[in-house]
Every structure is written in C-alpha cells, then in structure tokens.
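What follows is a set of structures to go through.
Next, two complexes with chain A in common: one pairs it with chain B, the other with chain C.
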Partner chain A sequence: MRRWVLAVGLSLVGVTAAAAPRGTLTIGIPPDVHTLDPTMTPEVNAENVAAMIMEPLLYLDPQGRLQPLLAESWQVLDPTTYLFRLRRGVTFHDGEPFTGRAVEFSWRRSQEPHRANREPFAPVARMEHLDDHTIRIVTGGPDPIFLKKMANVSAAIFPPRYAAERGDEAAAQRPVGTGPFVFGEWVRGDHVTVRANPRYYRPGVPRLATLVWRTIPESDARVAALQTGQIDLALRIPAHRVPGLERDPRVKVTSALSTRTFYVAFNNVTTGRGTPVMDRRVRLAMNLGVDVQAIIKALFQGQAERVNSFIGNVQFGHDPTLPPLPYDPARAKALLAEAGYPSGFPIGMACPSGAYVADREACQAIAGYLDRLGIRVDLQLMEPNRYWDLEANRQLPPLFFDGMGDRFQDPDVQLKGALTPESRWTAFEDKALTELITAAGSTLDAERRRRLYARVARQMQADPPFLFLWQVRNFEALRQRVRGYAARPNESLGHLPFDVAVSD
Partner chain B sequence: MSLRLAAGAGLVTALILLAALAPLVAPHPPNLQDLAKSQQPPAWVRGGAWANPLGTDHLGRDVLSRIIYGSRVSLIVGAGGVALALTLGVVVGLFAGYARGWVDDVAMRLADVQLSLPYLLFVVAIVGVLGPSLRNVVLVFGVADFPLFARMARGETLRLRSAPFVEAAVASGASEARILLRHLLPNMAAVLVVVAAFEMAAMILYEAGVGFLGLSVPPMVPSWGNMLADGRSYLTTSWWIATFPGLAILAATLGINLVGDALRQL
Partner chain C sequence: MGRFLLARLGHSALAILCVLVLVFLLVRLTGDPAVVMLPQEATAAEVAAFREAMGFDRPLAVQFWEFLSRAAVGDFGKSLHYRISAWALVMERLPATLELAVAALGFAVAVAVPLGILAATRPGSAWDAAAQAVALLGQAIPAYWAGLILILLLAVQLGLLPVAGRSGWGSLVMPMLTMAMGVVGRLTQLARSVMGDALRQDYVRTAHSKGLGAAAVYYRHALKNAAIPLITMIGVNFGYMLGGSVLIESVFAWPGIGRLAAQAVFQRDFPLVQAVAFFGSLVVLTVNLVTDLVYGWVNPQIRHR
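And then the complex of A and B:
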C-alpha cells in the first residue's frame, strides 16, 4: 500500500500559465444561498459558492482523479493511516499562515454536534503533527473513499485565528479561506460576489476576475435573464425549455445525468410516528401506486432515469440486474387493504418549491397518483431554505420530497446522510438497513463492497424507506462568451477557477 | 347603459351558475390526472381534442373543468370576504358614528392602524402564520377590508343622524336600536352595496394574486390563482394553462364591476 502520489495536478493549470484574471461571470442559481459555511449546509449551490473561497486538502478533477490542493502529496500507510504533506507558504485571505493546525482545527470544528455536514471528516479518529506541514491522519476504521471525502468542500480548511476571533457567524457570512477567490459581498436574497485572489498559489488561477452568484428562484426568470444577457450561466433549466434555447444563437446548452437521486421520504422517527407509513405494506403500496415513468415522460420530457433504490444509476454499487419496483396500482390497493386501509387515509406531504427543476409539478403528480389509491395528500409547498431547516430538524410532515447526490459517484455519503441515525437528515430509521450501509461503508474490497450495496438496494425494495423516483438529466445554459464550462454529474463547480473564462 | 347592466348581470349569473352546478357542467373531475395527455392544446389548435376543449395542464388535468371548479373558490372568497368586511364595517361604523366621542375615536384609530398596513403584507403575515386554507383567506380578506366599510358607514351615519327624519324619529321617542336599524341602515344600504360590488371584484383579483404566491388555498385545490401559478412555467410552451384562468378572472371581475357601475348610476 505504500505509494507516493506525485503532484501531477500542477499540469492541470500549466496551459494557462500566468495569464491575469479577467472578466466577470454571472451565474443564476435557483435557491437562495443560506450560509457560506460548508459545514452548515448540504445544499450544492451554497457549497459551490463556498468552494470558491475555501479549499479542502484535495481536488477531484472532472475525470474523477484526485489532485493536490492544500495537500501537495499524500500516502496511504495502512488502511486506517494517511500521511499528508501540506503545501508550504500558503496564507489565508486575512494573512494567517496555513499549517497542519488549521487542518486539525477544521476537523474538530466540523464534528460539533450542530453541524449539518459532519460526514466527510467523521471517519477521523486522531491527527498527529510530524511538523507544521506534515500530518498523519488516523481513521477509526477502514474507509474506502476517505481520500475522496478529503476533496469535499464540507472538509474545507478554516482559518483558526479568524474563526476564534470573529466567531461562527463571520465564518458563515464573511468567509475567509485559502481559495482562488476572495469573498466580496453578499446581499441576501440577491447575490454573492467573489473576486480573484491575487496571491493564490497557482499561477494563472483563477481565470476570472469576478464571479457573481445571483439568486433567481423561478426557472423561467433564469432563462429570461440568460437570454437578455443579465447572467452568463443558468443552472437547472427545465427540459421543456431546452429546444427553444437551442435555437437561440447567443446561447448554448450543456447537460449531464445527475448523481442526485430523488425520492419521497417516509418519516418514522418524529411526525410519521403512529401514522400508516409505519406499516411496510403501506410504504410498498405507495411505491407501486405511482407511475414514475409517466411522470418522467410528462414533466422531464423523458430526460430522467428511473432508479431502483436510493443508489443512483451512475453510482458505484448500482445493481443493473435489479429492476425498479413496477407500477402496479392493483397490487398497491390490495396491499393497502391488507394493511387495514382499504379506503386510504389522509396524510401530509411537503415539497420545496423552486429548489429543483419541476419540483412543485412532480409533487403534484405524485399526490395525484396517491389520491387514486385513496391516500388524500395534504400537499404543502415551501420556500427551499425554510424547507431544509425543517428537514434538518425532522419537522416536515410524514412524507417529503427531496433529492440527494454525491460528489464522487459513490452512494456512501448520501446513504449515510439520509438513512443512518447519526445524520441530522435521517427521518427514517431501520436497523437492518443501517447495519448494511455501515458495513458497505467500511469495506475496502471493491467486489465485496459492490455485493453489499446490491443487498442494500434489495433491502430497500423489500422494506422501502423512500418512495423511489428518478435521477434527472441536468440542463444548464450559458452565453457563447463563456469558455471551458460543461455540466457535471455531481453539480459541483469546483473546476470553475481552473477551467472557466469569459471572452468579451 | 342598460346594455352594460345586462352584460354584467349575464357574466355574474353565469359565474354563479358555474360555481353552483360545477359537478354537472364540468366535463371531467378537476383533479383527474392523466399524464399521457399532459399539455394537450385546446380543441381548435392542432393536436387538441374536444374531450378537453381548453386543453390540459402539465399533469393532463382538464383546464376547462378546473376553471369551472375554480370559480367556487373565487366566488366564496369574493362573497365571503365582502360579507365579513361589510358586517364588521357596518357594525363598527354605525356605533362609532352614532355614539361619537371616545367610541368613535377608538374605532377609527383602529381602522387607521389597519389601513396603514400594506394589504399584501397583512395577508402574507396572517396566512403565513395560520397556513393556507379557504377559511383563512376569507377571514384575512374580510378583516383587511373592513376599515373601508367602517369609514363609509360612519360617514353616512354622521350625515344621516342630523337629517330631519332621524330627528323626527328621535323626537317621537324611538329607541336607539330602532333608529339604527330602521332609519340609518336602510338609507346607507345603496352606497354600501355599490362599494361591496367593487370590493368583491377586487377580492377575486386579490385571491388570484395571493394564490399565485402560494398563499391562498392548498396547491391541489383548483383555483384560478393556483392555475396561474401552475401555468407560469409553461407560458412559452403551453400558453393555454395560464391564459384561460386569466381570462376567467377578467370576465368575473369585469362582470361584477359592470353590475356595480350600473347600480351606482341607479
């Protein structure tokens, strides 16, 4: 296992050697940015903004290879011991030097109980400082994707002095990091601006002088803003707008099948206690009673894929031999009758409005199908950030719609994030499932791990924690002046400082 | 002039009939979803069919049927809201105008406070706390609109109480209740009815507005505001989803306003 990984990643930026950053890129994002502290939100748009300012130890490039970032090189000493050589001479934006102490500080900080994103640093048991810039990290057990987790912005390195002096609020509102961009301003509900970091340690990075993230919740308003040139890049475009955009010569469309897997979660921990969703047959019936393919065709123009479980079709461990649960309303009705609800029941369901493409419409369609089973859904549409607050506190109704994805096409993070009791986002607890997920997450052998995830998927179909839906093709549209941008399956924009530029 | 009244009365009658007879008139149940027929255009457009004369929405629900059922929400909010505002307003206005003194001061300052709050802010705040439902919308609209009627009723009371026939009634020993109910109220009814008509039209419009913001009835209930909200993201591809409920709002408010206008000129 002893193997040094060389700093090949420097070649990554070599092509644009030392060109000064120029131009402004404006990105239209759907939900408002909630916080700029990546340990406090799992929302990908907020994480993307934070990732411009703060950096983790490693970088996962668009090809899925690990590259050096704050760590110049790394070595796996044994299945639970990692050695990182940190980059020297790096300072945070406020002048504080970056050392191994900052790494340890960030790990401890990220594990405070109120943090929403404890997962990336969670495997760490202790850190040993060999010197200021060499650190040995020991994990509590083997973790097959620990290095990839170190490339996650939720494992970003915080400046200890700034955090100590200015407190948590400052870290969330005026973040300081080592990243290619420096925080500029944040007008809540409107925009966040970041500017090129003139002292960034990689020459020629970033290629842009200014980056503006504008909140435009309505997808049609985003499209209009793009067409009028108010923004250069519009994320999450509904599929039915794509043909029109492709005819516009000023605009180009890019797309990727997203790792984000959508579901309607059942709550058996708080609000769902004592409701019919406690019954396995009811949850199975709901899965059988919704014609997911018809929804994909009508609302996504067919640009989405049915999933067979909470492991996405582009993720490690996906079992292509396991068919998705079929649409079988007759069996669904029979199951409901067997469970003692022949004429259905009323139940609450929540849905974010404007967080994802067609979220509101999808929830209506699902509620429409459940209605046919006699399940009378009280649908509540909510502003996304309020929605996620309630979700993190397990205060949403017994049914709620959401989507979770991951950065490296591996189901570990989302499975643990939504289905193990340690996570704040878990609304459904099932011991058997948790044990399987934990076992798969600590198995190093890829083949054994794959088999474990196949069992996870089968267990999920037998006793569904969710109503399984789809993963969508993400459409993004950009002005012709934007160079070097392409949609990515994980919706991450971490490559933006290295690759993206604008022409006049 | 009589043409206006006829047109207005015709529209209002049609609205009431549609709302009352919705299950008989509507070709389909309003929430019947058929995704295979999603975004089907109106019958006269290529690709349309007479089974869904005004086309279908993104979930394949019949637009015409939803408009017909949606008239119920509009009518209940319009009529219910105005009835509540009128009742509250007349009671407060009558007493304030008749009693004068501190009762008048307190009542009118309360009305001023209410008037100083922006309408939409008030609605957003209250519905945000109580949750969106038909009852809450009626309640909020009624309370938000009552100062208008209170001020009118008070003004009329002040004007009428010095009229000779009221003084005669006082002189002949009529009780206060009799004066209020038999002499003052009937004489201000004409003015109040005209204003009530205009306010009802305005409330239908407001309901659609707050419905568009997701603050009126729950999202699955067919209402014109909800239909507008649903249709906005399809305006460029399926114009009929939002256009027809928009026309329905136009027709209803136009009809009621025409009636109000005609009443005013009587």
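And then the complex of A and C:
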C-alpha cells in the first residue's frame, strides 16, 4: 500500500503560456452568498466564490484526477497515513508564509462545533510535522475518498495569523488565502468581486483579471442578463429555456449530468413497519410498475438519465453493464399477487413541493403509475424545510421522494448517508447492503471498491431499498466570448482560474 | 398633542412587543435550523454538537429571555448564516429598499393623483376613460409578470436598461415602474372617486357661485377635503414598500429587505427574521403615526389636542 503521486511539471490542464491575466468574467448565480468562509456553509455557490481566494492541498480536475495545489506531492503510506510535501515559497495574500502549521491550524479551526461544514477535514485524527513543508496526516480509519476531500474548498488552508487576530467575521467577510484571486469587494445581495493575484505561484494563472459573481435569483432574469451581455455565464438554467438559447448566436449552452440521484425511499424502520413495503416483492413490483423513462420524457424533456441503482451514472463505481430495472407492469402485478396483494393496498407517500425541479409533478406521476397497480397512494405535498425535518427524524410516511448528491463524485457519502444505520437520513435498513457499503467505504483499493459497488448495485436491484429514478441534467449558458468553460456534475467551478478566459 | 403622542408611542411599544413575541414563537415552529444549515453527510453527533454550540438546544424560555433582554437594547444577535449582526444586515439593505420605495411612491403619486383629479373634473372624457383603464390594469396585472415583460421589452429588445442589480439610476427604472404599478391603479381609482365626491358637495357649489376660478375651487377647496383618504392610502402603501417586496426584488435582483426577509424565513435564520420583523413593525407604526399627524396638518378639524 505504498503509493507515490508526484506533480509532473507545474502546468494544469489548459494552461499553456504565462500570459498576463485579462478581461472580466461576470457570473450570474441564483442564491445570495452568505459567507466567504467555506467552513461555515456547504452551499455550492458560496464555496465556488471562496475557492477562487482560498485553496486546499489538492485539486480535482474536470476529468476527476487529483492534481497538486498547495501540496506538491503526496504519498499514501498505509490506509490511514498520508504524507504531503507542501509547496515552498507560497505566501498568503497578506504576506504571511504558508507552512504545515497553517494546514494544522485550518484542520483544527474547521472542527470547531459551530462550523456548518466540517466534513472534509473530519476524517483527520492527527497531524505530524516532519519539517515546515512536510506533514504526515493520520486519519481515524481508512477513508477511500480522503484525498478527494483534501481537494474540497472546505478543507481550504487559512492564514493562521490573520484568522486568529481578525477572527471569524473577517475570515468570512474579507477572506485571505493563497488562491489565484484576491478578494476585491462584496456588496451583499448584489455581487462579489475578486481580482487576479499578481503573486500567484503558477505562471499564467489565472487567465482572467477580474471575476464578478452577481446574484440574480430569477432564472428568466438570469437568461435575460446573459442575452444582453450584463453577465457572461448564467448558472442553473431551466431545461425549458435551453432550445431558445441554442438558437441565439450570442450564447452557447453547456450541460452536465448532476450527481444528485433521485429516488422514492421505502421506510422499513419506523412508519413503514408492518406495511406491505416490508415485502421485497412489493418493493420490486413498485420499481417495475413505474415507467421512469416516460416521466423523464414528459417532465424533463428527456434531459435526465435513468439510474440502475442508487449509484449515479457519473459516480465512481457505476456499473454501465447493469441495465436499469425495466418497466414491466404485468410482472409487477404478478409480484403483488404473489405477495398477497392482488388488488393492491393503500399507502402514504410524501413529497417536497418546490425543493427540486418538477418534484411535485414527478410524485404525482409516480403515484399515478402505482395506482394502476392498485396501490392507492395518499400523496402528501409538503414545504421542503418541514419535509427535511420530518425526514431527519424518520417521521415521513412509508414512501417518500428525495434526491441525494455528493461533492466528490463518489457514491460513498450518499450510500452511507441514506442506507447505513448511523446516518440520520436512513429510513431503510438492510444488513447485507450495509455490510457491502461499509466494506467499499473502508478500503483504499480502487478495484476492490469498484467490484464491491457493482455488487451493491445488483443487491439493490434484487432487494430494492428505493424506487430508483433519475439524475437530472444541469444546464448553464455562456456568452461566445468565454473560452475553456464546461459545466461540471457537482457544479464546482474550481477549474475556472486554470481553464477559463475571455476574448475581446 | 403631547398626550396623544405619548399614548400612541405606548400603543406602538406594546404592538412591537406583541410582534416580537409572536415572531419568536412562530419561527421556532418552522423547525430546526441545523437541518437546513449542515451538509447532508453531517452525522447525528455533529448535528448535536452544532446545535449545542449555537444554543438551539437550550430551553425555549431561556432563549426567549435572552432574546428579549438583548432586543431591549437593540441587539438582535448575529445572523445564523451571515454570522454578523442581524440588525446591521437589515440596515445595510435599507438604502436600496428606501430608494425603491420613495421612487415608486413618488412616481405613483405624481401619475395617479393628477390623473384621478382630471378624471373627476371631466367625467365621461378621454381622461376619465384613461383613469379607469389605468386603475383596472394597474391592479389586475401581476407585478411579477409585468417585471418580466419590462425586462424583455426595455432590456432585451431595446437594450435601454440593465436587467438586474442596483447600479445607478438606469437600474432603478424597471423595479420602480413594477412596484408603482399596483399603487398607481389603486390611487387613481381612489383619487377619482374621492375628488368626484368632493366636487358634488355644497361648499364647492358655493365656491363656484362666488365666482372663484376652477383651479382655486379644485385645489384649494375640494382637494384639501379629498386628501385624507389619499394620505391614508399613500401612508399604508409606503409602509408596505419599506418592508420590501420579495417578488420585485427577486425579479430585478434588487438587494433590498424583502429578499433578505424571505431568505431568512426559508433558511430559518431566527435572529435575522426577528430583526426584520422588528424593523417592519417599526416602519408600519412610524408611518401610521406620521400619517395621523399629517391629517391634522391638512385638515385642522381633526387636529389632536
């Protein structure tokens, strides 16, 4: 288990020559940014802004490969021990030198209980300093996605002096990091501006002189702002606006399949106990009785992909050789009859209203298909926040609709999050499945993990914990002057400083 | 006058206290902020530690006492999401909201009152028809839809104005028109009706028969009497506008109090909801008080002694 990964050269994808940064890119984002301290929020847009200013040790490139950032190289000594050689000569924007002490400070700071986003650094049990620029990190147990976590901005390295002297408020309002952009200004509710860091350690990065993040909550207004040139890049464009935008010569559309995997969960822990969903044949029948492809076509204009299990199509471990469960109402009815429900049964199902695109309509369609099997669904639509409260307390009815995504393009987080007894979201317990998930989540051997996840997917089809649905395609649109940009599955814009430029 | 003011201030303080108590209890009924704030992968232990660190686990009575004693000295605590003073966040958004409210109300008054008077003094004329159309359309068209149509027309098609944000006078035009629209409708209708009533009064006939010019009769006599309901409506609308408008601020990405309030509610940012609610009640009560005082200034018959 000794593995060296070395940085080969300085250049990252897309960086060719050390040209001076030029031009301004304005990005239209839907939600207001609340904080620029990534340990304070898991909200992806706030993380994206912070990721321009602050850096973690590693970088996950658009192809999903780990690249050096503040760590020049790294070595996995054993399943719980990592050696990082840190970049020398790097300073924070305020001049404070970057050393291993800053890494330890950032880890300890991130684990303070009042922080809302402690996950990426959470596996760390201790840090040892071999010298100023070499650290050994020991994790509490084997974590196959630990290195991916070290590439997440929530594991960004903070300047100890600035953070200690100026406190949390300064770190959240006027962040200082080692990143390719320096904080410029923040008019809350309106925009955040960052400017190219002239002392950034990578030649030719960033390619942009100024980056403006403008909040435009309404998607129609975001599209209009893009068409008029007020912004250059509009995130989260609804699918129904795409055909119109594709006809507009001034803009282009880019898309990526979201990591969020949708499902209808079965509860066998609390509210589902003693109901027909306890029977494997009933759960399988429900999977066979819903024409998921037809719903995708009708509600998402075909811009979603059916999943074969709870491992999404853009995640590590996805088995493309396993087809999704077919739409087979005749077999579904036969299975129900075999289970002792030839004329169906009544059951409760909950659905958040307005949390996701077309969530209400999706639930109504699913309930409609189940009704054809004789399963009379009492559909309860709820306000999303209330919904998640009930979900976290396992108080939703035996069937409930939701989606889970992950930041690391790896199924570990969502599988553990929805299907192991330790998680607050788990409403379905299956010992065999939990064992497989735990085994895949505690080995660093990628091939072994892949084999285990293939078994997880098959086990899920044989004894479904969910009614498997889809992953939706996310659309973003940009002006023709923007070069090198492509949407990413987890909506991360970490590649922006390295790849993206604007022409005049 | 002094006693009137004192009594009104006492009522206002009581009303604010009631609002604060209600808001404190109601926002807590919406659920646990930790569920909204932490990432989905946070474990139950992390959630519990977070709730303890943020004080959500303390008995409601303890939280309420702390909230009241702090609010009494103007401290609403820190926003859970922004982690800075909740009151400072509200005040930070005030200029944008004030700018939009003053502009929209100014525009509405400037258009609606003259139009209503013209319609009342020339019944059956083209002005009257125009006033009725404005009254109907202004109230019937949803602001959200009108905002999007304005964007398509003035920004996308004609390229005259920026779509979103608050950057100079150009960016004020569309949100101002959208916000003013409903008020223009209601105010035109009211001005036409109250002015029409006033013009049918005996004193107007007397004024005319004394040989006074039409302008003097309309503006010095009739309008003064018709002004009270107009002032009431202007005051009420100004109060609403200062509370911000979620829809208009969202469509035009206007960084005002309405959007801040909506976010605070959806994200269970208790201190921020409380600060916004306090601000809202303060504004409504102040505007009502000022409106009452203006009545007396306009019409000495109802001056408070």
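The rule is simple: the second predicted complex is superposed on the first by the 304 of 504 C-alpha atoms of A that agree within 3 Å, B and C clash if a C-alpha of one lies under 4 Å from a C-alpha of the other, contacts with A are read in each partner's own complex, and residues count from 1 in each chain.
Going forward, a residue touches a chain if its C-beta (ideal position, glycine included) is under 8 Å from a C-beta of that chain, and two chains touch if they have at least 3 such contacts.
Note that this is a predicted model, so its numbers are computed, not measured.
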| item | value |
| --- | --- |
| First (chain B), second (chain C), both or neither touched by A:Asp291 | first |
| Chain B versus chain C as contact partner of A:Gly368, first or second or both or neither | first |
| Contacts of A:Pro198 with chain B and chain C, given as first, second, both or neither | neither |
| Partner chain(s) touched by A:Ser219 [first = chain B, second = chain C, both, neither] | first |
| Which of chain B and chain C A:Gln173 touches, first, second, both or neither | second |
| Partner chain(s) touched by A:Pro320 [first = chain B, second = chain C, both, neither] | neither |
| Greater chain A contact set [chain C / chain B] | C |
| Touched partner set for A:Thr35, first chain B, second chain C, both or neither | second |
| Which of chain B and chain C A:Leu381 touches, first, second, both or neither | first |
| Touching both chain C and chain B, counted on chain A across the two superposed complexes | 218, 220 |
| Residue numbers on chain A that touch chain B, as the complex places them | 218-220, 238, 240-241, 244, 291, 294-295, 297-299, 353, 358, 360-361, 364-365, 367-369, 371, 377-381 |
| Parts of chain C lying in touch with chain A, wherever the complex brings them together | 30-32, 35-44, 46-47, 49-50, 52-54, 79, 81-84, 89, 92-93, 96, 148, 151-152, 155-156, 159, 162-166, 250-253, 255-256, 259-260, 263, 266, 268 |
| Partner chain A, residues of chain B touching it in the complex | 31, 33, 35-36, 38-39, 58-60, 214, 218-220, 230, 232-237 |
| Residues of chain A touching chain C in the complex | 28, 32, 34-35, 37, 40-42, 112-119, 122, 168-169, 172-173, 187-191, 214-218, 220-222, 224-225, 227-228, 230, 385-386, 388-389, 392, 404, 406, 413-414, 416-417, 422-425 |
